[in-house]
Amino acid sequence: MDGYTSSELVSIFAMQGFAGISLFSVLLLMALGLAIIFGQMGVINMAHGEFMAVGAYTTYFMATLTETYFPAFMPYYFVLAIVVAFFVSGLLGYLAEFALIRHLYKRPLDTLLATWGLSLIMQQSFRSLFGAREVSPTLPEWLLGSYQPTEMIDIPLNGMFVLGLTTIVTLGVYYLMFKSRWGLRVRATTQNRVMSDAVGINTKKVDRYTFALGCGIAGIAGAAFTTIASTGPTTGTLYIVDTFMVVVFGGAASLFGTIASAFSIAQAQSILEFFISGSMAKVYTLLALVLILMFKPEGLFASKVRR
Amino acid sequence: MRKTSTSRLPSIMRRRFVKGLMALPAAILLSNMSLSVSAAEVNTTGLAVTDDTVTVGILHSLTGTMAISETGAQEAEKLAIKQINDMGGILGRQIEIIQEDGASDWPTFAEKSKKLLVKDKVAAVFGAWTSASRKAVLPVFEKENGLLYYPTFYEGLEQSKNVIYTGQEATQQILDGLNWVAKEKEAKTFYLIGSDYIWPRTSMKIARKHIENVLGGKVVGEEYKPLGNTQFGSVINKIRLKKPDVIYAAVVGGSNVAWFKQLKAAGITSKKQTLLTISVTEDEVLGIGGENLEGFYSIMKYFQSQDNENNKAFVKAFKEMWGEDSVIGDVTQAAYLGPWLWKAAVERAGSFDVDKVVAESEKGDIELTTAPEGYVKLHKNHHLWSKARVGQWKKDGQATVVYTSELIEPDPFPAGYQ
Amino acid sequence: MNMLTNTDFTLSIEDLTVSFDGFKAVDNLNFYLDKNELHVVIGPNGAGKTTVLDLICGKTKATSGSIKFLNHELTGLSEHAIVRAGVGRKFQTPSIYENLTVLENLEVSYPYGRGVFGSLMFKRNEKVLNKINEIAKEIMLDHALDTEAGLLSHGQKQWLEIGMLLIQDPQLLMLDEPVAGMSVKEREQTAELLNKISQGRSVLVIEHDMEFVARIAHKVTVLHQGKILATGDMETVQNDPKVIEVYLGH
Amino acid sequence: MSFVYEKLMGGKKGLIGFIILAALILVIFPLFLDSFRLNLVGKYLTYAFAAVSLVLLWGYGGILSLGQGIFFGLGGYAMAMFLKLEASSPENTAIQSTPGIPDFMDWNQITELPWFWEPFTSFTFTVLAVLIIPAAFAYLIGAAMFKRRVGGVYFAIITQVIAVILTVLIVGQQGLTGGINGITDLRTLNGWDITSDSAKNIFYFVNCILLLAVILASRVILTSKFGRILLAVRDKEDRVRFSGYDVANFKIFVFCFAAMISAIGGAMFTLQVGFMSPSFVGIVPSIEMVIFAAVGGRMSLIGAVYGTLLINFGKTTFSESFPEMWLFLIGGLFIAVVMLFPNGLAGLWDDYGHHITHKLRFITKGVSKLIPQSMLRKVEDTRS
């Protein structure tokens, strides 16, 4: 790397580091919902990407609404949109659990197929409602552009926003799943349904709300995603494999594992992309994941369980 | 299947332009056009031609990832056909449309094109968008001796008897734009970035040869991202490190949106950086958002803002038929030319027979003076003579044309660029 | 420590330890099983009984220590190799193929055609059928050969699983709670069955039902928190103050 | 004889089912469909190979592979490479800067045929490659996964990721593979024009016979002790292991066999359709193949063929008439099959089919007596 001044290299290094962290926060936000649904409940939700798209479309809808009727509210709508996205996706998740998933808890591979069917239906619904074109909400000014700590360093504002959002959601999930009374019930239910029933936990209710929570978080991820990319009917399918890889690689039931896995995948990919072409970077990253999973099938941070 | 309207906008918005549809001008029948020639005379090969109708096919993706891009093209084709019908049709026959959905899936394109040619016996097909779909249908058209009007600007390196290419081949689009940026912006160093498939790669190959051999410039980076990729952080940092005079981009589809949003977020805007792209038309801007593109340049043969009478009439008619909110990009305009070029060739041949229509087209003197982009002429090699234009994007999603070339001869197999 | 390396024990377990994330489920265990001995392991819940069986048959990997079967080291072998060496194991809940008939269940367990191609070429000949009939009679299911295994009663399922082990003629048979969920009559029949099959092979049984243990055991070992508390005949063990403490103290 | 009857045909019920299927695809379709539709059916039947392979793998073995597209694609690509080399003779490609190599290589500035393309000039090698390369690849994946006891959901996800990797690789290395366009414009097989109608008809029958042969071979496997062990592994893997079987070997074998079957389908696809593209390798086609098997009935080899035909007919018909409805319908069908009819068409047939066959036999007997042969021919004419 000759021909570059050291301050140039330092700032590139800093920005490259942030690119990795930014990818990390995106992956983590996508994976959190799935970590709950797949990791805690054992449901393979192939429609997870579509629940993200629901969040993204909700944001788009809110943006259009605000632009048309309350233009003065534009700088603030985005925060509200995230909350609405959470509830809309969550509500749809609640309904999906009620209609489909609850009949399939004993057949995990079948949840995969049924949710795939669900994802097709959702995709067509997006197309019928919003059209085949990709859409992008108009973002508030404060989300555009970059923060310049020095002359040469630009830190994207949307990346910082997603990072912040991811931190909040992660802490929220941690509190909810591991510190709250409700999280205890969820974990009890997933570990021993019969026993949980016996000690008076309404396991059906727990299932439904857990699934809804996972979908709701997917909705938040979708909303956040509109700051980075556009949304189309098939957007969800683009992310589903990456999302599953993060969760599986981290060891399905471990929140810390999901975080570590998102971090290592993001850094690996972002660094590889800097040195080799994009396509091959993706191939190498995925290949490495598959190889590692072959040697450690239970993922990075699965705890040893006495069976 | 027959389809009268496409749903590409939220239904709340759609209601508005249904009214526009109703208000379409009544059919203007030019009676002198309806020559009374029997079907047997104008059709010796068993095409779907009756004494008062002729059937054509439209084959674009209505579903799947490509539906986004192909919507405009099929709308323009339907507009042209409607206008031709209102003028009395072709050889006194009204054009009927059979539309098939390619579903963004190449094998489906092949299957449907075969159906259109073998079962429906259509006289011509307007359709295909991606290179891959064209490659998939090409053997079918050659085998069944069909006629395809293909609207997309593409990589060249092809010339089939059975295809008329109404978009630009790569050299037409690329070379003049590069000359312009080298001269106007005194650009010496270029960073090439594209999606990873044949069109960007071939275009970049031509661009690189032109930059290195003709302009005496330097390519400081060349990068391809998988289709659908939405992460450009690392590439943007590489670009920052190389500090090119010009970023030369051919990113497509959903990636395009991510690419420009992230450029803007990284503080790379037109204030500091010249960016020239060959993959952004008004259609793409709709998704990317004008604010993310403001000040960057596209090279195309057509921009919606072009100021001439043909274009004003076209834009007005298009909006009347498809809604006030619709935008028109380069491919949409090229698709619009297809039915008109076919009409001209059929009328000169006095027949719908594919061989005769192709023979007329290959004479190299079919011209359209009414094309929205301006004057175009069909070359012997099945491509169009056309101009290259550089447009600078504005916040409202429209471009200002800042440069227009001379009429460029199409050269699908450019010597020195292969 | 390796004094006993070459012995005539069927099974000798020495210094066996396994820990799950620091929790020692089996802690430095030493245990020996004689030829033709029917040995019962008892102990409160969580004592590590099932884990010991898991370790012997290779389902769980030991952290340290050695398990020798007829002087062959078993730790490190895969499950199927351990089975082929002559160790059979019945699970706590009956583990049979519910969609196959009794006959097919026994046939799948028949110790020939165990390789991929062997199984493709395997023929159900006279010899196989005779053996199946013989075993079926022994486990009192000869009348139900064509019944789908899922339709059997709970007790019959337990017997079928024992039959699936017997057909392989193992030197060491390990049974995890063989009479759980059985009626009084079935218990008696099972006790008889066990006494019969323990002739000519060693049998290791885990059981809670003291009455049943008393009926069948040659020797009893009490396990507590992964360690051996007492070993001996039923009477000795029952009178051991440490054992009484463990069982009553809880 | 009893071997043939029991093993190949699966007894009386199996025999009838097999004969009906054979009659349908070998006699009825060719009689009643024009060459365009027949060629379409031929294309669908190539997917049926993959669906049949999933019956073995998923229905019986409980191993859900979401990567059968990998093997379908490998088989298809092997055949396409051979045909492309034949189509790229120096005379045909004289216009290129390097004549004699496939056109897409020339566009990507490749001036020499890559080493791994060389052997595909031989037809014998190609046929072997269609069978062996996918099987060997499946062996690698299978050995790595099953020996490490990766199964169930994890296996499904990992096969899916491998499908993604392969797709990205094919698309990214377009100079070597033809990229996203795939390998197109295949015209002749050893000098014989494969685009002609007569060639397509011959391929159709070859395809049908291969498919029927694959079904029979699968039946031999399923009726052997191997088949029972496979079922046993699906239901109680541990028990099988503790009966002294090396479970991984059984899984590897069935995975390799399934890969080989899918690859035959892929090769036949290339021959009949005239090109191969990465859009058959990825996740979506792989999951569609599972749909075919699920709709047909995951435990029924013959059902898989019907499932494939039904879905594809549906897809073609609906996309011609109501493209918007198609995804709703297929999505709904998928959910319905999983939730309401886990045994698919075959299950419905078992529940209600006997009444129908009974009635049908009665009707056909009556009809054939009532209607003169000439009229039957007339019906046929109006169809085409």
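As written, the chains take the letters A, B, C and D, and residue 1 is the first residue of each chain.
Here is the rule we go by: contacts are C-beta pairs under 8 Å (C-beta built on N, C-alpha and C of every residue); 3 or more make two chains touch, one makes a residue touch a chain.
For clarity, every value in this text was computed on a predicted model and none was experimentally measured.
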item	value
Most distant chain from chain C by Cα centroid	B
Chain pair with the higher count of C-beta pairs in contact (C-D, B-D)	B-D
Centre-of-Cα separation between chain C and chain B, whole angstrom	75
Where chain B and chain D are represented by their mean Cα positions, the distance between them in whole Å	36
Inter-chain centre distance, chain C versus chain D - centres from mean C-alpha coordinates, in Å	45
Whole-Å separation of chain centres (CA-atom averages), chain A against chain C	47
Multi-chain contact sites of chain B, meaning residues that touch two or more partners	7, 62-63, 196, 224, 226
For chain D, residues that touch 2 or more chains besides their own	168, 171-172, 324, 326-327
For chain C, residues that touch 2 or more chains besides their own	none
Residue ranges of chain A touching chain B (in the complex, touch as defined)	4, 8, 12, 15-16, 18-20, 22-23, 26, 61, 64, 127-136, 138, 144-146, 148, 154, 156-159, 227-230, 232-235, 238, 269-271, 273-274, 277-279, 282
Chain D residues touching chain A - in the complex, by the definition given at the top	64, 144-145, 148-150, 152-154, 156-158, 160-162, 164-165, 168-169, 171-172, 283-284, 287, 290-291, 294, 324, 326-328, 330-335, 337-339, 342
Footprint of chain D on chain A - complex, ascending	42, 44, 100, 103-104, 108-110, 112-114, 116-121, 123-124, 127-128, 237, 241, 244-245, 248, 277, 279-280, 282-283, 286-287, 289-290, 293-295, 297
Parts of chain B lying in touch with chain A, wherever the complex brings them together	6-11, 62-65, 67-68, 71, 196, 223-226, 228-231, 233-238, 240-241, 254, 257-258, 261-262, 264-268, 283, 286-289, 291
Touching residues (chain side chain B, partner chain D) in the complex	1, 7, 62-63, 100-101, 103, 105-108, 110-111, 114-115, 118-119, 131-132, 135-136, 138-139, 143, 155, 157, 196-198, 201-202, 205, 224, 226-227, 413, 418
